[in-house]
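Structures follow.
Two complexes, one shared chain (chain A), two partners (chain B, chain C).
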Partner chain A sequence: MAEGAEKKVKKKATLLQRRDRKGYLFILPWLVGFIVFYVRSIIQTIQFSFNTLTMDAGVGGYALSWAGLENYRYAFTVHPTFKQILTTSVMDMVIDVPLIIFFSLFMAMLLNKEFKGRGLVRAIFFLPVLMNAGAITAALDLSATMMNGGVSGEVAETAGAASDAVAFSLDYLIDMFVSIGIPAKLLDYMVSAVERINDIIRASGVQIVIFIAALQSIPSSLYEVAKIEGATTYETFWKVTFPMVMPHIITNVVYTIVDSYSTSDVVELASSTAFTNFNYGLSAVFSLVSAVVTCAILVVVVNFIQKRTFYYT
Partner chain B sequence: MANVNPAARNDLTAAELKKAERAAKKEAKRVAKIQNKKKPKKGKEKRLNRSMAGNTILFTLMIICGLFMVLPLVMIINNCLKPLDELYQFPPKIFVRNPTLENFSDLFVLMNDSWVPFSRYILNTIIITLGGMLGHVICASLAAYPLAKHKFPGRDLLFSMVVLSMMFSWQVTQIPQYLIISWLGINNTYAALILPAWSFGMGLYLMKQFMEQLPDSLMESARLDGATEWTIFWKIVMPNVKPAWLTLAIFQFQQMWANTGSIFLRDEQLKPMQFALQQITAGGTRRAGAAAAVTFIIAAVPITFFLICQRNVLETMTTSGMKD
Partner chain C sequence: MKVKREIFTNELDRKVFLGQVTEFFVTLLKVAILVGVSYVIISPIIGMIVSSIASTEDIYNPMMFILPENPSLEKYSLAALRLDYVKTMGRDLLYTITLTIIQLLVCSMVGYGFARFNFRFKNLLFACVVIMIVIPPHTIMLPLYMTFKNFDLFGLIPSINMMSTVKPVYIMTALGCGVRSGLYIYIFNQFFRGLPKEIEEAAFVDGAGVWYTYFRIMLVNAMPSVITVTVFSLVWQFNDVFYANLFLISEDVVISKKIGSLAAVIANQDKILNVKIQEQYVNAGIILILLPIVMIYLLLQKQFMEGAERSGIVG
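For the complex of A and B:
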């Protein structure tokens, strides 16, 4: 009897292993492309960062000459704006990510309710994602220019900022709050949060969809139980809804960080260094350093949330 | 004779089937009516939870946020109907006064003048968009299944590689990408745009996160019934994460649709519509009317695609598929 049981366990283990080996077959088509297109390009970027790259017009290629850590030294000690842009990008991310997560969770909960025209409203909140095409942004810029009477956006912005009475009263309000004793850091955060409302709403389309899907996968029996036990809406949110969407909060945090990083100033700096200044080595350093910093943030944040995440299955 | 008989019987059964179907539809309607009658009652019960004032505040907030999002679209739609003098009106108006289709007829003139027949651009776009989207969704889902539900050596390493790779956006890896594409000899072909899209990390990441939520018991029961991994994937896993892969499809559709392919495609015959349209928009103020029409077309297609899929994405999220 005991022997039979042991045999069974052994057999099951090998079966499991065989099954898991089949997993590689499933991954294979994706993995080949991934290694060819992405891993190689990352490795090449690392290689560029240690070299000086010169274009060879005669042969039609490029030549690398070993520069060691020279590019890194230049980026950190000589380049005038890199460190500053890196810190602002990271700070922007730190401000934006929690706001986007809370906003999209809140919106998802609203959109998950039953009301007339729900489908339409959901579509509206997905619009920014759908209209994220180069030609559309160009056209919107063009129409914004037209709205300013032919003045380009930047000029209009500076002109507007110079004579803005609203900005003055905002400063006055902030001063008042500071003198009441509200920490200035918190006020700064809130002010920058308000300033970004438009960006935040525009950046949370995908997150809202993910949260809606997560909310709908919560079994209704849990809510039933909560109702029977006499839980209020508030309690139901914190004891049922929130723990159940926790795994998707991680998904969204990662998505948001990646999304906000790929449109950040650092990436812009890196690509302008490469394609307007033709300094590929330095550009590679910029993108590598900022990618490593972002990854470090990602790891810390995800670990922090993961420890507190509740997995239902 | 023997051949005719079964056919006749089939006809008979078909007629019967139709009858039965009609009856079933009637029944379904009746049930739906009853359910619809019941629903408002349920709603009233729910409404007890939150005050009217609270609801009003929440929905006002939602409407304000929604206005932010819908404004660009409203502008695009109105702009494409404005005659030229209204486009340049200052101070500008959002809504059109004398709507015309002039802009579209201007655009068609421009299209007819193009170097390559315009239908060719459309065909290119269809090939690139569909190829990139389908390949991406299938490859990402296939790879996500073992990553989410199987344990094998190197799994965590692979997954962290995926997350790392998402950090290198295309702007900064353009040069290595170009080198790889030309090394593969697929430069100046559709494949240069389609193949890299297949193995992009984001899709895999999203699919894996959703598949992890599926209860193991679903797959176990399929295995007990003798299903192979392949069958489990197509018959159990994919239908259950339908919202996830449809979301991914919409997302990827948008990305491929917005792709101008200007880096890899040199032949005019291979370039997508997006490129041709962008050229028209780049005409600046002289072509503002045609550009407004272009913007409308570019925006309209992904939105239509989204509206088609939307019901499936957001309305039918299968609950875990289990009787708890």
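For the complex of A and C:
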């Protein structure tokens, strides 16, 4: 039946249809790779999570023994840190994503204007992307703390120099805002945002590039119209710039969430469970649960933004 | 009548003046933000450079800040020696650049396939590309490890242990599943969709086949995307330690892995046990590692920023 149907199609195939069939050839390498590496691996990961896996070092193979939901039960009720690490990772993601998006949009708008030395500043903003390898990041953190107290800050401290006297006290400022009557929750968020400014800047290199590109693609006629109609800069931002970059906000949110997940502690935990404790089943549970949680967040957030997105066609 | 007119001009003057003042302060604020954020980004790098060129006495001198009194390049020479810099960097660059070329070819081909052909299940398959972007490789690292530990091509050949070689990364990249390949496919797809169809129609009328059209016409036109993907791929491949750790690739190929053990090597072989001085060597090593990639970026930067604007990275 299927064969007959195919023959029928072949007979009827126009020049265009015949050409279209060649499309499969173009995507073939990827299709093979996707099935072999992704589909197969995901199925295997699910399988591992329901089994206890023992490595057979001699042959290089492995043996599975059915464990049912035991690994899941262990992860959620017995494992001491999994739930906590998962929650902190998700919370970090939820806090960081809006900050990174707004920071990178703001920076992109500043960098989009013509000014002297723009190339240099753009290069500086891309630097964090250039050096985000694990070892380099660790060394950079160290270097950053040293810069805060001078290169010899640590030595000076041990010598008894009172660096506190020079250091600007943040508590005083916070007290001031509390007494003005700003809600404590909001204030906590702002303070944590300021404290994480290093991480946020470091995580927004690619997003800034995407936003600059997005801003460049807005037709200038829209701005001309806004100007003729007498819109202020503020109005122009909310009525022209913001709606026009909305679709790219989705791209950036997806990128940021994925990026934040792949550098989070829960991934770290999954990899150490597998490769230092050799508990593969449990590691598969960690990976799966965190991936499902991340995907759920992605779907919810993307849906939320998509409903409010204006597509200019 | 005359009085009124005078007031009017005064009013205008006042407005113009106020406008200029506001503009001045807004510009000042912008410059302050840009300078401030730039400083946050480059200050650790300045710190690293200073630390790496300072001599041992300088490190213990509490008066020293930013400008070392006795700068020396001694730290660099030892770090380069222990990293086996020229050879390791050569191998790493060869590894990174060949992988980038494979990424470019495969991802642009797949992206073109998705952009310009209407085959069955196209939307479903493209959804799979998006899934590939979203699912981090960490989720499937275990099966990947096992696939390549006993690589048997689904039982077709006796199993080979591919651990500690670079083959797994090459195989995955050639099959469009390398470091962030999904994103590159997406970028190329978006770009090719934006090109006018007439170019291909003209090529077809002139008798060009699909492959000729793709290689000689479409790929040449896709220069902005090619540059964007080249920069991203070079940078991310060079910095990638995830796959390098997963497949136990030797430190002699992936230099970003080697820097992790530099402090230990220096402590062991040169008997430098002071942590602060070891740190100087590590900083020198990091500067050495960053040099080529920063240079490549600076070379491509102009095209990259302009390219990003026109390439498919934007929706």
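Assume the second predicted complex is superposed on the first by the 235 of 313 C-alpha atoms of A that agree within 3 Å, B and C clash if a C-alpha of one lies under 4 Å from a C-alpha of the other, contacts with A are read in each partner's own complex, and residues count from 1 in each chain.
Please note the rule applied: a contact is a pair of C-beta atoms (placed from the backbone, for glycine too) under 8 Å apart; a residue touches a chain by one contact, two chains touch by 3 or more.
Quick caveat: nothing in here was measured; it's all calculated off a predicted structure.
Q: After the superposition on A, what does A:V36 contact: first (chain B), second (chain C), both or neither?
A: both
Q: Could you tell me if A:A296 is touching chain B, chain C, both of them or neither one (first, second, both, neither)?
A: Once the two structures are laid over each other on A, A:A296 reaches no partner at all.
Q: Regarding the shared-chain residue A:S221, is it in contact with chain B (first), chain C (second), both, or neither?
A: First partner only, chain B.
Q: Quick check for you: in the superposed arrangement, does A:R122 touch first (chain B), second (chain C), both or neither?
A: Both partners.
Q: With the two complexes superposed on chain A, say which partner A:E114 touches: chain B (first), chain C (second), both, or neither.
A: first
Q: When the two structures are overlaid on chain A, which partner does A:I182 contact: first (chain B), second (chain C), both, or neither?
A: Neither: A:I182 stays clear of chain B and chain C.
Q: A:M190 in the overlay: touching chain B, chain C, both, or neither? Say first, second, both or neither.
A: The answer is neither, since A:M190 touches no partner chain.
Q: In the superposed arrangement, what residues of chain A touch both chain B and chain C?
A: Shared contact residues on chain A (touching chain B in one complex, chain C in the other): 19-24, 26-27, 29-34, 36-38, 40-42, 44-45, 48, 107, 110-111, 119, 121-136, 139-140, 142-143, 146-147, 197-198, 201-202, 206, 209-210, 212-213, 216-217, 247-248, 251, 254, 258, 261-262, 267, 270-271, 274, 280, 283-284, 287, 291, 294-295, 298.
Q: Please output the residues of chain B touching chain A within their complex, sorted ascending.
A: 43, 49-50, 58-59, 62, 65-66, 68-70, 72-73, 75-76, 79, 87-88, 90-92, 139-140, 142-143, 145-147, 150-152, 158, 161-169, 171-177, 179-180, 184, 195-196, 198-202, 204-206, 209-210, 212-216, 229, 233, 243-244, 247, 250-251, 254, 257-258, 260, 274, 277-278, 281-282, 284-285, 288, 291-292, 294-295, 298-299, 302-303, 306-307, 310-311, 313-315, 317-320, 324
Q: For a test of understanding, state which residues of chain A touch chain C in their complex under the given definition.
A: 19-27, 29-34, 36-38, 40-42, 44-45, 48, 60-62, 107, 110-111, 119, 121-136, 139-144, 146-147, 150-152, 154-156, 159, 161, 197-198, 201-202, 206, 209-210, 212-214, 216-217, 247-248, 251, 254, 258, 261-262, 267, 270-271, 274, 280, 283-284, 287-288, 290-291, 294-295, 298
Q: Where on chain C is chain A touching in the complex?
A: 30, 33-34, 37-38, 40-48, 50-51, 54, 59-62, 64-66, 106, 109-110, 112-114, 116-119, 122, 125, 128-129, 131-144, 146-147, 149-150, 159, 161, 172, 174-177, 181, 185, 210, 214, 232, 235, 238-241, 256-257, 259-260, 276, 279, 282-283, 286, 289-290, 293-294, 297-298, 301-302, 305, 308-309, 311, 313-315
Q: In the complex of these two chains, what residues of chain A are touching chain B?
A: 19-24, 26-27, 29-34, 36-42, 44-45, 48, 107, 110-111, 114-115, 119, 121-136, 138-140, 142-143, 146-147, 149, 197-198, 201-202, 206, 209-210, 212-213, 216-221, 232-233, 247-248, 250-251, 254-255, 258, 261-262, 267-268, 270-271, 274-275, 280, 283-284, 286-287, 291, 294-295, 298, 313
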